[in-house]
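Letters A, B, C, D, E and F mark the chains in the order given here, with residues in each chain numbered from 1 onward.
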Amino acid sequence: MLEASNLECVRGERRLFADLSFRLAAGEMLYLQGSNGSGKTSLLRMLCALTPAASGDIRWRGRAIGKLGEEFRSELCYLGHLNAIKEELTPLENLLLAAQLAQESLDHDAALDALELVGLLGREDLPCRYLSQGQKRRAALARLVNERRALWVLDEPYVALDAAAVELVAGLIGAHLQRGGLAVLTTHQAVPVTAGTVRELSLDGAHATSGWG
Amino acid sequence: MHWNSFGDFLAMGNHGLYVWGSLLVMALLMVAEPTLVLRGRRTLVERLRRQYRAESGEASRSRSAAGRRRND
Amino acid sequence: MLRALRAVIGRDLRLAMRRQADIVAAMFFFIIVVSLFPLGVGPEPDQLRRLAPGVLWVAALLATMLSLPRLFADDHRDGTLEQLALAPQPLGLIVLGKVIAHWLVAGLPLVVLAPVLGIQFDLPSDALAVLTLSLLIGTPALSGIGAIGAALTLGVRGGGVLLSLLVLPLYIPVLIFGAGAVDASVSGLGPQAHLSLLGALALGGVFFAPWPTAAALRVALE
Amino acid sequence: MSNGLINWFKYASPQSFYPLAGKLIPWFWALAALFGVAGLSIGFLLAPTDAQQGEGYRIIFLHVPASWLSMFIYLVMAFWAGLGLAFNIRLSGMMASALAPTGALFAFLSLWTGALWGKPMWGAWWVWDARLTSELILLFLYIGFIALQAAIDDPRRADKAGAILALVGVVNIPIIYFSVKWWNTLHQGASVSLTKAPSMAAMMLWGMLLCALACWMYSIAVALMRVRTIMLERERHTDWVRALLTNQE
Amino acid sequence: MLRALRAVIGRDLRLAMRRQADIVAAMFFFIIVVSLFPLGVGPEPDQLRRLAPGVLWVAALLATMLSLPRLFADDHRDGTLEQLALAPQPLGLIVLGKVIAHWLVAGLPLVVLAPVLGIQFDLPSDALAVLTLSLLIGTPALSGIGAIGAALTLGVRGGGVLLSLLVLPLYIPVLIFGAGAVDASVSGLGPQAHLSLLGALALGGVFFAPWPTAAALRVALE
Amino acid sequence: MLEASNLECVRGERRLFADLSFRLAAGEMLYLQGSNGSGKTSLLRMLCALTPAASGDIRWRGRAIGKLGEEFRSELCYLGHLNAIKEELTPLENLLLAAQLAQESLDHDAALDALELVGLLGREDLPCRYLSQGQKRRAALARLVNERRALWVLDEPYVALDAAAVELVAGLIGAHLQRGGLAVLTTHQAVPVTAGTVRELSLDGAHATSGWG
């Protein structure tokens, strides 16, 4: 379904990687590894068509994502380094608004259940500004509970989470894969995803090119 | 008493509108403010009473309430 | 389509309500700027009356401009903008929603306040009506045009002030036609010509500006 | 430590101040009504016509008390705020928050009555004269104080931030008061001062003073009512509030 | 003590230099606001001359105010403010350094520009001199007083506009004395009295204001 | 040296913990554990005198930190969830300015060495805005290399770091302890600090109080 061929990434005057290719089918997860600054975030943003690749192309269901536009975006769920939650709003409001924007229907009770699952029950009406670092991340991740779009792109989702929450998120990803979803994930911690097929790809290895482009 | 007639009193030497406009607004606001304070106080007291009642009953029921919501 | 638009407007309005202060304080900024002028310029009523349309329009323009940097910056900083750019709707539509919400929060209150402030400057009542009308037509243009500037300066060094640098020149036609309409009505020429030009600007600002804004946002996210 | 100070601290605790305030409020209402009736009847029924201004001058019995109170309440508010900041007394922050809306009300009334006075006397609702402008600033300061406190959810933080603002804003009070002296303006200078003998008719003076006293008592009564509400709200997790509200039905 | 002060000033200046746009654009904002007025008000030279001191002062005040929200917000957001509050020097001293740097970046350029803009309004040369002097004395007060407002609204809902609500009332005396000095010199009364009051405000603003500002910052960090 | 007794933390209307006491001597590290939102960050900020404790007191060399003020602050190094680096400045400038503010003298070469150690050599002149998430954290942590103040308070220092960088930071903390320093640390990952004495304290256990204060 998702296919990248001969990707090259250039940042400033530095080529981060080149000739990177992979394929991902339904129910598979790509576990992207690499040391700090090796270009993981850059690659994920390319996969979302947020940044153009220096060369190479990315296809979704056989068609270039640049061309697909909205069609591709309606199958994509991206979660970056930033939480994309509004500090003024409560976790509940954040969750409902995120669903609205993604044109999904999520009712109040389902949202509350999602928040309960990520351990924010009792804080659903507290503005996110007051949440702890990990709780903010949980509020952001609550989106995943009812997320049914096919491709999940997650940039270090486990950051700031405690062990219990990491388990939980890994479970969500596992369930997604079993439903036939795809996921691309980076993390510097362990990936306790057990369901689905996990393919690993390291940016430190063969594709990495060091020095000046 | 300074006034000759009630009409004079109301007219205020042709400045009735201004004088009574001042007095009326001032009186109105000075009645409105304590009323608002009282109303705010009443709603607060009601809210707190409700909250206390809920809390005293809740300690035992909270688990099952959460569970019930999950089911429906 | 319309549902998405409503969702965006609703979200931004809710955020504004949550901040409350935002709406109230934008109005107060307008009031205070307008009140500053007599202090700086001196109190002769005749002079003030002649100044009034210019001062009110400049103040409206500044009040709008002041709220522009936050139009996208908050969303950019916390990652919401990425999510908006990845939403299934066209980004231009989302921007349109944000522009409308911005006008409701930052423009409309000014329109409502203008007559009251006009009285302080002792404006005659037909001039007051034209002033209010010109603001009603003109402020949407300010929001729309401002959005382009806000998107272009997003995440750019020295954004806030650079923004005013970019936007003010584009605001000048609005200012000229807006203040001109009031002047024309005071001098008996009839404000229609000015107002219809202003209307054209407003239509352009609201329905055309979101698309370059969306393009600028995509560039900012790259 | 002196006995007085200990007593003071005892009443500075919300728990003991709450019932005390409750007992005092009716008395202040009574005084306010008394002074108000007396002042208004002197002002509107007995006082003679002013030679220059005709009957329109009677607004003075509303305008001057409102103006005085608007300034005085700010000073009291700043005093409480400063006390709270220096000694970390919970009550003082609450007092400051309770006074602000009343002060804003009087500032508004001063503007309103002044404007209604200005139209017949000066021929304009509003002129950009120093006193008028500085009174407008005072209103803005009140609104700024209220808005700042409303924008901060944590009451302790709100108290502290408000206190700093109130103290900084105090500099505006002398500017308002002396503005008529410093700039020659349309507005009347002070005709009641501590140093000079009053330059107005005794009847007018009495009417004005009684009305001012009425406004003063009113302010105390309303502020006490409001502070009681604030206390309940802020102390809702303490046992005394819980006991108070669950026992007395 | 002085070393710490220099370190803070140096750091803020370097940041401003890195952003470059900041300084240049603050000046351009000033220029544009001043140039907007003739557009809004109409071109009669006599009227413009009378407007000049007020308009220039109001523009200076707005330009300063516009740069205020960033005075502490950037440091707050990226955690630097915590580090400053934990530095071994008194926080008031650090604030003093930031105020001075702010003036150098946002105030001084206005002073330099004022005479040029004054010429555009056809001001006589002694009025020009007084205008420049009054800005030179007055703008530090604006930076100092503004810092209090910036600290009080730090991390508060609707900060930017609330800030102007809090700060503008406190700016009004500066405006009155500043524009008053120019007026007085034009009308031949001599600006000394106004200027010395302005000086007192400036001293207060620079040396007294940092302490309440520091207190407000600590409250914001709690 | 550092001593806390009967600390209580109240946030909003929630009491996070109460009756928390501990002592830390030279060369010891406190490893603070607890699930998301249990009050770790709040406790660290109390230890730095940034937030006042609801009750209880904290002493440094026997004296209350509230009273000590600058004397205490000159022995304290705090690193929070936020990096406290300026995005516009380069890592080198950030490092030098941080040292200046702390009134320490750090020369250009020492700073470069520190950056080399944390793996930012080659990026020392790139504005931090362009750095990857992990590189930003490294730039912030470079401060620790030459840090000789006695008490380090580190809030999740390992976040966003890759495995090599975690090792490195753990090594820095170990060296600090061996020099007789003190450290307080939270993290949801493992703590590979081997030198010094590590005391553990969990906020999920006895001290945690739930419900309304």
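Throughout what follows, contacts are C-beta pairs under 8 Å (C-beta built on N, C-alpha and C of every residue); 3 or more make two chains touch, one makes a residue touch a chain.
Predicted model only: the values in this text are computed from it and were never measured.
Asks: Hop distance check: chain B to chain C, minimum number of steps through touching chains?
Replies: 2
Asks: If we look at chain C and chain D, which chains touch each of them?
Replies: For chain C paired with chain D, the chains in contact with each are E, in label order.
Asks: For the two copies chain F and chain A, is the contact made of the same residues on each side, with over half of the numbers shared, or of different residues?
Replies: same
Asks: What's the distance between the Cα centroids of chain D and chain E, rounded to whole Å?
Replies: The mean C-alpha positions of chain D and chain E differ by 32 Å.
Asks: Any idea how many Å lie between the Cα centroids of chain C and chain F?
Replies: 45
Asks: Could you tell me the distance, in whole angstrom, between the mean C-alpha positions of chain A and chain B?
Replies: Roughly 51 Å separates the two chain centres.
Asks: In whole angstrom, what separates the CA-based centres of chain D and chain F?
Replies: Result: the chain centres lie 48 Å from each other.
Asks: Mind pulling the chain C residues that touch 2 or more other chains?
Replies: 18-21, 25, 28, 32, 39, 42, 77, 157
Asks: Could you list the positions in chain F whose residues touch two or more of the other chains?
Replies: In chain F, residues 12, 81, 88, 212 touch at least two other chains, as defined above.
Asks: For chain D, what residues touch not just one other chain but two or more?
Replies: Counting only residues that touch two or more other chains, chain D contributes 133, 140, 143, 147, 151, 153-154.
Asks: Could you pull out which chain F residues touch chain A in their complex?
Replies: 11-12, 34-38, 40-41, 81, 119, 123, 126, 130-135, 137-138, 156, 159-166, 188-189
Asks: What residues of chain E sit close enough to touch chain C in their complex?
Replies: 18-22, 25-26, 28-29, 32-33, 36-37, 39-42, 47, 50-51, 53-55, 57-58, 61-62, 66-67, 69-70, 77, 156-158, 160-162, 164-165, 168-169, 172, 175-176, 179, 183
Asks: For the complex, give me every residue of chain A touching chain C.
Replies: 48, 50-52, 70, 73-74, 76, 78, 80-89, 93, 97-98, 100-103, 127
Asks: Enumerate the contact residues on chain C facing chain D in the complex.
Replies: Residues 19-21, 24-25, 28, 32, 35, 38-39, 42-43, 45, 48, 119-120, 122 of chain C touch chain D in their complex.
Asks: Any idea which chain D residues touch chain B in the complex?
Replies: Listed in rising order, the residues are 44-49, 54-56, 58-59, 62-63, 66, 101-102, 105, 108-109, 112-113, 116-117, 119-120, 218, 221-222, 225-226, 228-229, 232-233, 236, 241-242, 245-246.
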